[in-house]
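Chain IDs A, B, C, D and E follow the sequence of writing; residue 1 opens each chain.
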Amino acid sequence: MTKTKHKPKLKSGHAPGTAFFTGHKKMDQVEISVLKFNEEEFSEFNCPDVKTLLPHLTKTDNVVWVNVIGLHDEKTIEEICLHLKVHKLTIEDILNVGQRPKLEEHKDYLHIVVKMLMGGTTPDTLDIEQLSFILTDNILVTFQEKIGDVFDPIRKRIREAKGLIRKKKSDYFQYIVLDAVVDYYFFILEQFGENLEDIENSLINNPQKSDLNKIHIIKREAIELRRAIYPMRELVNSLGNLDDKIMSAETKVYIRDLYDHTIQTIETVEIFRETAVGLLDLYMNIASNKMNEIMKVLTIVSSIFIPLTFVAGVYGMNFHNMPELRLKYGYYMILGLMIMVFIGMIMFFKRKRWL
Amino acid sequence: MTKTKHKPKLKSGHAPGTAFFTGHKKMDQVEISVLKFNEEEFSEFNCPDVKTLLPHLTKTDNVVWVNVIGLHDEKTIEEICLHLKVHKLTIEDILNVGQRPKLEEHKDYLHIVVKMLMGGTTPDTLDIEQLSFILTDNILVTFQEKIGDVFDPIRKRIREAKGLIRKKKSDYFQYIVLDAVVDYYFFILEQFGENLEDIENSLINNPQKSDLNKIHIIKREAIELRRAIYPMRELVNSLGNLDDKIMSAETKVYIRDLYDHTIQTIETVEIFRETAVGLLDLYMNIASNKMNEIMKVLTIVSSIFIPLTFVAGVYGMNFHNMPELRLKYGYYMILGLMIMVFIGMIMFFKRKRWL
Amino acid sequence: MTKTKHKPKLKSGHAPGTAFFTGHKKMDQVEISVLKFNEEEFSEFNCPDVKTLLPHLTKTDNVVWVNVIGLHDEKTIEEICLHLKVHKLTIEDILNVGQRPKLEEHKDYLHIVVKMLMGGTTPDTLDIEQLSFILTDNILVTFQEKIGDVFDPIRKRIREAKGLIRKKKSDYFQYIVLDAVVDYYFFILEQFGENLEDIENSLINNPQKSDLNKIHIIKREAIELRRAIYPMRELVNSLGNLDDKIMSAETKVYIRDLYDHTIQTIETVEIFRETAVGLLDLYMNIASNKMNEIMKVLTIVSSIFIPLTFVAGVYGMNFHNMPELRLKYGYYMILGLMIMVFIGMIMFFKRKRWL
Amino acid sequence: MTKTKHKPKLKSGHAPGTAFFTGHKKMDQVEISVLKFNEEEFSEFNCPDVKTLLPHLTKTDNVVWVNVIGLHDEKTIEEICLHLKVHKLTIEDILNVGQRPKLEEHKDYLHIVVKMLMGGTTPDTLDIEQLSFILTDNILVTFQEKIGDVFDPIRKRIREAKGLIRKKKSDYFQYIVLDAVVDYYFFILEQFGENLEDIENSLINNPQKSDLNKIHIIKREAIELRRAIYPMRELVNSLGNLDDKIMSAETKVYIRDLYDHTIQTIETVEIFRETAVGLLDLYMNIASNKMNEIMKVLTIVSSIFIPLTFVAGVYGMNFHNMPELRLKYGYYMILGLMIMVFIGMIMFFKRKRWL
Amino acid sequence: MTKTKHKPKLKSGHAPGTAFFTGHKKMDQVEISVLKFNEEEFSEFNCPDVKTLLPHLTKTDNVVWVNVIGLHDEKTIEEICLHLKVHKLTIEDILNVGQRPKLEEHKDYLHIVVKMLMGGTTPDTLDIEQLSFILTDNILVTFQEKIGDVFDPIRKRIREAKGLIRKKKSDYFQYIVLDAVVDYYFFILEQFGENLEDIENSLINNPQKSDLNKIHIIKREAIELRRAIYPMRELVNSLGNLDDKIMSAETKVYIRDLYDHTIQTIETVEIFRETAVGLLDLYMNIASNKMNEIMKVLTIVSSIFIPLTFVAGVYGMNFHNMPELRLKYGYYMILGLMIMVFIGMIMFFKRKRWL
């Protein structure tokens, strides 16, 4: 089920460069919010339609952040992009939500695709959303499928003019939003790690049949996480190697820091994946251990009582001529024999360390 | 069986450059269809034999797409190729349907081999066909073994003059047909993913013996898919690195996009392969879990009733002198003892959490 | 056993460059056959000893192919080699049949070592033989341990002057013999693939204990095949990168083709190895499945009849005072109880889907 | 549990460059100890606060080693760093104790992060602490979370003016402290190896349920060790590639030696990880072997006595007309039959090598 | 235990460059033997102490080979090394017997560390010893821990002036001793391979509990072998890339040959490691097969006789009113019923192919 959640529609059969949304419509109307700021002032407003937006997409001294939420209305997206001279193939990529994270340098703009991770507080609630960026001189446009993002701390910092955010250009702002995305990876990975630990503790204390399914789900989520996070390494590396005109030397110091964080998330994901695989082994071992203990009881009980029952069976036969039956203490002798066999067996098992 | 389906005949023993078809004849006569177009006009017709075809294979302003279906008639293939000055080894490669996807640059032409994926709606119906391309200035010849391809959307676009297809040269057209092939990979992979999920759901809900065979088949198909798709990475990369005279800079933007798609299909195949391997583990675990539950019942039933049966056996012995038998309430005492043993066992199992 | 078959003797302790045959003598006398040809004429004869051979090893316009069969007579080999100015270490390599495939460029000659694969129609009959080449201007000397090679199609082509073989120089001829070796790899791999499939079918239809051993043998053969074929990639690549004086540009086109074939055989071997490993898993799964089914029968039979036997045992006790025994319909009531328990058990198992 | 021990707090949501300690407070007050030395003299003292420290952080001929213990007081750390012109992101890294080992070259200083390994005498006591270095011309500042380090041998050598330590500059001193850290890795790895061996011996002699948990813990510790040690390779390599002005050619000879040691620790960790994984297999095999032996006993006992009990049951039936019962030696004949069945079974098992 | 055998003492805590022997003293006194030779003459003698040795360590036309056996006397080693102007860190490396094979080029000398393999005729007798070389213009000093080496064939060749050995300089001699070491690897690997085969045959014919331990030991030895041999690849490669002044072009031809041998040993070790891992699978499979067969017998015996015993139990009940008991042929009818059930069961098992 996890898998189907993120499965994009097929674009197969369309001409290359056709604007075609491959996701599922998740909201009624496209929402366009704008944040405009420079060191002195900032303004924040929503645009009801594209027409009201376009005048803001001009080259000024302000950094302009346009957040477009909802990709099902292909026309709106196309209009915005064409205004910014974005290539048809880029538009196709923005609308195709099954993209791999990547960075593409075009003549007029930078195109970045990343995966935004959300949810994940319990297994099977991980939510992976595609986030596309178009970065021109002073404008950053972000595209996402539905409401809900990881940028609230950024908005707060802009409003409160905290940190360097208001003093810097759009390249630093691009860094800031990517940093927010990667920072949130840490949060998601922490959740993931806690889920792993919960399952592990549950396994060690009292393994249950349902744990097998949980392990299966978390293993699959680990694969999805890896798929979302792994290409970030190359992406952030390319970002740091861009021309100084696009990405200032000063910002690159921060990007090196971002790169370190990315490596750290990748390593964590790798360890989680290994741990998840190890959990299956652990489960198998614990289940097999439990089974062995149960079987041991059967073996011991059967091995002791089956021969004894046989002896009782012999003296339950109805032959007319069975001299032992007529002995005065025959019954006691046989009882004694049985007790001796019983004790002998117990001692045999003890010596073999099976008891 | 899947394996045999695609197994080419042996070419072993022939001199290098011998035209020798290694597949199995899948149709009666070679079909040659031609599509000729430029921005203004297009024509579409079949050629009954090679003679009627050759006059169309000349350098003009039209893009000429010749689709040759059926490779069993080596002479026909050879005639077409020799007319285009194709090297003997290339002809051998076209006829040897067990080729690995590759791109070869020759003086007069470009030679590309890819695998076209078809079918695959249920496990064991995956159909992998070799597709060879000869690209000269304005002519693209495609060779395939049997009727049925993934190019209908392209034909439609040519007829309806949709998109850029009619405005561009043969290098763009080469891109278009490769894109159609890779696009169809997505469709096949989606089918494959759904088959995987069906098996997975069937495993979790009610695992059956036949699932083991299905997993085996799908694992093998994943290997075949990987084999067909993996070399595409290098192929498309080489295509993007060709001289600008052969592949125009404009088309290369599209090829970069194609490259992204190829990487995506490769990643998907990798994940599917891992998932298929994981399915086997899952099956084993579920089967072993089920077995354990069954064994537990046996253990508990046996461990309880075997000792009780022994007690009954003791008092079924026919010794003349067994004082307990003569006790008035002996029977009830023994029944009471048995009930106590029974309850004790149940409690023991409960405390051990085996019940 | 397979392993011992190919195990060379130890050369440990000899000075480097000592001519010392590390294989086992497989024939009585060294056989030396010569094939001399140019575009117009050819001659074919055997040399009884080295003396009659040496006059033919001179620089002429003919291509001279000397095939030396049998390496146990170190002196003969040394004489031929010294005549051709071959380095002592090369002679040592020719006689040391445990070499890794490699290409070495020397001042006066080219030294190539490959593995010739033979046999292999059933598991455990794979035969790997070392083949060494010394290539000088117009002379190619091949060394092998015993009679039987893969060059009959070449001899036929020379005699019938088919293909390019008689028109080209010794560099092309070197390509031709390597191509014959690699071509035969395909044949061997096909045999191998069929063996794999036979085992697989046997496993699925009726797994037997002996299959385990067969899987073990075929896994080991896959490792040996890989070891023989893998280094060919580098070898053929080096061949294609030789100076144009040694390997003409024209021949290099053919070598590129040979390279493709080599990659194909390597990929096939890899898939076979994976398949062979997968077979073991399949065997384990099928065996475990079968076992589970058998165990299920035991469980069900035991779980049903052990409690019933206990009931029968109770009423088989010989207490004097057992009121139920004297009831008129006591027997029928107990029989009824047993039938009810029986039906209840069956229903329990049905509900649990164990039946 | 091991996992939680080292888990840093989340920094998610803070602006980049915010000084924020992500660890847990492990001591009351920050301790600052200073060691100042040159070839002739040395002094050693503690600074109660930052104010008393700062005058010592000036460019002189002395090597000044400042050891800051306790990171929970962000202000203190910040003051020291700003005095040394350390970048905000570096300060963030020092306080973020979940860093990956790395070396960063800044204009005014060198920033190194490594993991210091401590404890580890028994499984689950491994203690991994982050150690940050700031190296300027003649000053080395080390930051760690809590009291306890691996530098006592260094302090002793400084006091006793042993070795080269007092004669060299701060670059050599940087090497010396890194060498001390890596040297201690060997000690920790030795402990680890002994723990591995203890578990292994316990497994082979008398495997117990608790061993499974121990293997699980030690496997996880191996992963943590690898994570801590692996990046050291790159770090020490970068150190050796620094400009000769920062790292003198003379010191680089020592760094090459350090590099060898690092490789050795990495290799050892790899072998330990493989061994730990192998232990699980060993455990499984031993447990399964033990189980098989127990099962064999059950099988043999049951297979022998169940049929015998049946025979006894037959002659315990109460049919009025059972001629055998009336035979004079019927009982002995049946006893004889039983003994023969018994012996036959034993011989069958012996021949099958099950006994 | 194998592990402890080679475990060096800890050097942790010493200053870098401290001469400190990390092995265990294996002989009483250090033995110093000298071999001096040129093309015309040679002399061979032992030096009782360092003083008598030093005069021989001068630059002459002779090749001087000093073999120092026993490293526990650090002073002796230090004196020799200092005389040859060997760096302190190199001395430390010579005495630290846990080194990784490596080649270090110093200004005045070449420093090589390799592992000499000895013993290994049965599992658990593999003996790995560290061998250090110091090569200056005409002097080669070898250091080893205890008596016993692989150089007897070399000594013999020097004495008998066989091969090139007496005609060449010290660089060729360095090659010769390394070649002897690698040559002996082949011998050790052959032993190892035979041990593997013995275990394998024992497994297939009659697997025993002790085999599990043997597999465990041989797996660990394979890891140790790999660790000793793997770095040789890089070492020999570096040797071949040395300046022609140090390693003459003529000798480099031989080093290329040595490189081939090294690759061969590495490949063999890899295959052995894979085989050793495969053995564990084989063992598991064979053990599980045997177990299954045993279980099958139990299942069949129990499934047949438990229901029959029940029937006998029913007619052993003592109800007063059981009409069947009074039937004249009741006993025979029941016996007939039992035989029918018996035959039915056998047929059921036969049809299921469980018999």
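By our rule, a residue touches a chain if its C-beta (ideal position, glycine included) is under 8 Å from a C-beta of that chain, and two chains touch if they have at least 3 such contacts.
The model shown is predicted, which means the values in this text are computed figures rather than measured ones.
Superposing the C-alpha atoms of chain A onto chain E requires a rotation of 145 degrees, rounded to the nearest 5.
Between the Cα centres of chain A and chain B there is a gap of 26 Å.
Each chain gets one centre point, the mean of its Cα atoms, and the points for chain B and chain D are 43 Å apart. Across the assembly, chain B contributes residues 288, 295, 298, 302, 306, 309, 313, 316-318, 322 that each touch 2 or more other chains.
If you draw each protein chain as a dot and join the dots that touch, you get one closed loop, with every dot joined to exactly two others. Read round the ring from chain B, going to chain C first, the chain order is B, C, E, D, A. Across the complex, chain A is touched by residues 3-4, 7, 10-18, 87, 89, 92-93, 98-100, 102, 104, 206, 209, 212-213, 216, 219-220, 223, 227, 280, 283-284, 287-288, 290-291, 293-295, 297-298, 301-302, 305-306, 308-309, 312-313, 315-318, 322, 324-331, 334-335, 338 of chain D.
Of all the residues in chain D, the ones that touch chain E in their complex are 153, 157, 162-165, 175-176, 179, 183-184, 186-187, 190, 193, 197, 204, 253-254, 256-257, 260, 263-264, 267, 271, 274-275, 278, 281-282, 285-286, 288-289, 292, 295-296, 298-299, 302-303, 306-307, 309-310, 313-314, 316-322, 352-354.
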